[in-house]
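So that you can tell them apart, the chains are marked A, B and C in the order they are listed, and the count of residues begins at 1 in each.
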Amino acid sequence: MSIALHRNARMLAARALLIVLLAGFLAIHPRGVSTGVLTAWSNQGVALAFVAVGQTIVVLSRGIDLSIGAIMALTNCTASVLVQGSPAEVAFGVAAVILCGAACGAANGLIVVKARIQPIVATLATGAVFSGLALLVQPTPGGSVDETLSDLLTGDIAGVPASLLLLAGLVGLVWGPVRAARLGRGMLAVGSAEGAAYMSGLPIDRAKIAAYVLAGVFAAFGGLFLGFQTLSGDPAIGGSYTLNSVAAVVLGGTSLMGGAGSVAGTIAGALILRTIGSLMFFAGVNPMAQPLLEGAVLLAAVALGAIRLLKIRNRLEMFR
Amino acid sequence: MNARSSPFARALVRDGPTRALVLVLAALLLVGGAVYNQFFSPTYLLQQLQSGAFLGIVAIGAMIVILTGHIDLSVPWTLSAAATFSTAFTALAGGAPWGEFGVLVGLAIGAGIGLVNGIGVAYLRIPSMIWTLAVNIVVLGICVFYAGLYASGSRPSAMMSVLGGGRSFGVIPNALLVWLVLSGGVVLLMRRTLMGRYLYAVGTREGAAYLSGIETRRVIAGAFVISGLCSATAGMLLAGYANQAYQNMGDPYLLPGIAAVVLGGTSILGGRGSYAGTVAGVLLITLITSMLSVMQIAEAYKQIAYGAVILAMVGYYSRRSATPG
Amino acid sequence: MLDQADFLQLDDVTKRYGGVAALNKLCFRARRGSIHAILGENGAGKSTLMKILAGVVRADSGTVRLAGEPLDLRRPADALANGIACIFQELSIVPDLSAAENICLADPPRSRLGLIDRRAERRAARAVLAEIGCADGLDVRTSCADLPLSKRQLVEIAKAVVRRPRVLILDEATSALTAEDAAKVMALLRRLREEGTCVLFISHRMHEVDSLADTCSVFRNGEHVATFSAGSKSHDEIVRLMIGRPIAQIYPPKPARPPAAPAYLAIADLGWPPALTQVSLAVRPGEIVGLGGLDGQGQRELLLALAGVLRGVGGTARFGTQAALPASPRAAKRRPFRTALIPEDRKTEGLFLGLSIRDNIAMAALDGLARGGIVDSAAERALVDRLIATLQIMAPDADAPVGTLSGGNQQKVVLAKWLAIEPRLLLLMDPTRGIDVGTKQEIYRLFRELAASGVAILLYSTDYDELIGLCDQVLVMYGGRVAARLEGQDLTEENLLAAALNLRPAPPAARPASLTEAVA
């Protein structure tokens, strides 16, 4: 009874915390509630949210993708080279960038499943390769990205931040159908209980590979959006996004042990991480104290996971 | 096989990964030597060992934690914090001899961070990947906050400079000697102490270790304390070598440290691995890095080569262990 | 047209685990439209048969045919694709998915776009639960982790039934159900039989077999010994078929009279709800006390409680002069408890498979051999060598990984690990499971020698032979209580089986005479 309630409670807590933080942020922002403030806020969080959604999908199937930041950097750099020129060229560029992300994800999935290397090691190594490729594409921060599209996606549509709509739309269009199909069901089943999924005759390998591919696609969305935001490509952004994506997943209530969690929770988690920073900035908190407070929030949120220990009566269960 | 022969020799015979690594190392040296004759010069090799020593010390801690089946992602800022605060303490002394106690401050910080890691992972049973990550961010926060409050000096104490950057007899880097001493210590720890034996037991299967009457939580917490101490030591030596503590000085050590351990054949799932393999892994990474530098290969190709080597070696180990015999 | 009787056809199916044959050239037939009970002792090969049909394990040799077609069952998906569905004890439940999602897991209803139609899925799940007659009180949207055990088992059953299998296999599938639900499931099975399903049914509940099965087969030692129509043989005849042979002379002689020493272990009214209720027993030095009964009647929990693994155990206990339960296995192995637990699962709880034989044997006693955290390697070596010699562990190289040993020798390593602490009380959980007869004999002799040297032994075994041949007295557990105490002439396989199956009124559970004063 308690486990799922507890998990739901954590997902709800993430959303509640986000609302409180956002309200606080808007209350103290010198310009108050305005489309411009909301749009800027949303733009800041959406790139991380995309990457974290990708990470969530892998974590739900009980894997982890430590290369996700590198895929984002690679796709960001690719975007800074390809997403420019005529509308047709821009469209081709966007498609190529997304394909690139998917290919990286497919490489991860195949290595994890076929070479049977632990996900943490495999993606650590592929992450180095992807970072190297990013450097080949764009040795130093630079390049350019189509400005029309950028203005459109980082602006607002009828008072609603376009980036938020983009996030909701892409998650709904890509993860929505997968989640609703057998494939997504299989990913959750594999993450929750691989043995039971096997006994039920589900295609386990396919589910795992697909999870990594999707992670690559979402990392590409993140890289693309960052390109629209900064109008350039930066090969060195990967590391912080990898770690923050894991943090957002956990904050959003998804268990690192797989099977349970939600993409919506993760999005809340990612936005929380970004909002804390903005909130503290406008609250006049010493900027030097900001990372400490951010870390403390994360540490406290994670420590809540220890509550389950109180219910264990057979100590052997602690080790499972 | 005589059990009293050196662990390294034992590992060479028994341990496939170490053997494979040593072969790769030898091949690399030969190829490198054939192309660039300075490869075999003692100066060049000692210089490699000097820079390898820092990574080697970090890898000791990484390996001990990985043996228990966990991972320590707080290495970067444990390393930086120890360097920052030990040098700040030295600055506080303003040249007085008690400034040398800065080293103790650094070690205490390393042990303290390790303890916090251990409590979260072993006692609160939070996945180490996320707990140590959060701890890393908090320590980063503390360092940034501190740096914002006090503009303190960051010059290393005399001892740090000598150990980190100095050379004995004018040739042998002292950092290498520190690494050797710590290596001796860790070999003793793993072979002769209860703690060392329990590391493998806990990493193989914590439930079985618990049923064998081992206080598994203390073992895991202890592993994190050792890792914290190793990171702190590396940080202070590095500060001594670079003659200052600086932000992000720990970043280049986290992933290579883990990679060295994994390349050395230690299972990321815990319970299996040899220290000799880790040493070989550190040497391999150091050598590849320096060879690629010598050949003036672009950073991009270095990264790709680095990832490819890990995939090839670990893929090879996993195939080997999958096929019987 | 194929003969109905040969719908499911197994020929010469053999499966070995290590050196032990779980199934030995098994031949077996089952009809369509029949409920076929499979009976046998623990270890007779029933579960192995089921796992082979389910695609969970592969037979070493032999053929399986269904409706005349030979089947190649490599994985569970193959079995499902061929219309073979198995109902395990909630082994295939995915805890984080809802009941409806679990029931339709393998083939959920889909809309035209290929997406899962969640409403149709819930409808299908409700329909199949309604068909079973258990739709009430089970919201199909509830995640399975939140369902009580009995409801999860219903989901497991629904999951198999929804596929309309040609062969439906149940392994003790009703034991977790409430009596009411079990009756409904049995009614469902009868309906499925009318529809032509071949139902294979493993149960230890004889009354279920009586009321349900039309055909019975008895398995013994991995072989199929008899098939007969239900009701044609009496319970006594069936039990005799299951036992089949005189108990082999592999057990050491028991001492003529029980030792007079006061009990080393005495517990009274031990409780750990819901697994243990008011358990009282005493074990004297020199005595081997057996725990019998069906699997899962609280025997494991009792031994775990005595080893300090469980939290919140009620009741009183005395170990030697210490009136308390140990707080952890670490406390248990030290003075004053001196208690060793040989756990049930050798590979995951008893051994460190990747570590050497030497490391494994030394692991429990290591802290006693260390000073200031430094292990005395000479003493360790001597201890390990002595134990390898005493237990006659057949290992060419003691530094080789313990995983390279045979099952019997692995179990000897586990025993050696615990003998190294020189225990006063030995708690054994099914210590000879999957071990060849020769090694068993050695281990029995060892237990008897240990007892003679003053060790108190409490042994849980699923093997009735062992309980009878080895133990001085046997406590049969049922539903978390000690249901019967058998010793001397009463300690027969018939009595054990009867008490375990709750077939006839058991002799009153005698409280050991010395217990009251011993605990006080």
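One rule holds for everything that comes next: contacts are C-beta pairs under 8 Å (C-beta built on N, C-alpha and C of every residue); 3 or more make two chains touch, one makes a residue touch a chain.
Every value quoted in this text rests on a predicted model; they were computed, and no experiment measured them.
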Can you check which chain pair, A-B or A-C, has more C-beta pairs in contact? A-B
Reference chain A; chain at largest CA-centroid distance: C
Whole-Å distance, C-alpha centre of chain A to that of chain C, is 44
List the centre-to-centre spacing of chain A and chain B in whole Å, with centres computed as mean CA coordinates. 30
By the touch definition above, chain B meets two or more other chains at residues 205, 207, 210-211
For chain A, residues that touch 2 or more chains besides their own: 315-316
Going by residue number, chain C touches two or more other chains at 309, 328, 349
Over in the complex, which chain C residues touch chain B? Could you list them? 307, 309, 328-330, 332-334, 341, 343, 348-355, 359, 362-364, 366-367, 370, 373-375, 377, 399, 417, 421
Chain C contact footprint on chain A (complex, rising order): 1, 3-5, 177, 180-182, 185, 188-189, 191-193, 195-203, 259-260, 312-316
Complex contacts: residues of chain B adjacent to chain C: 1, 3, 192-195, 197-198, 200-201, 204-205, 207-215, 271-272
Residues of chain A that touch chain B when the two form their complex: 64, 111, 115-118, 120-122, 124-136, 139, 239, 243, 246-247, 250, 256-257, 286-296, 298-299, 302-303, 305-306, 309, 315-316, 318-320
Which residues of chain C touch chain A in the complex? 54, 56, 75-77, 79-81, 88, 91-97, 101, 105-106, 108, 110, 113-116, 118, 143, 145-146, 159, 272, 301, 304, 309-312, 328, 349
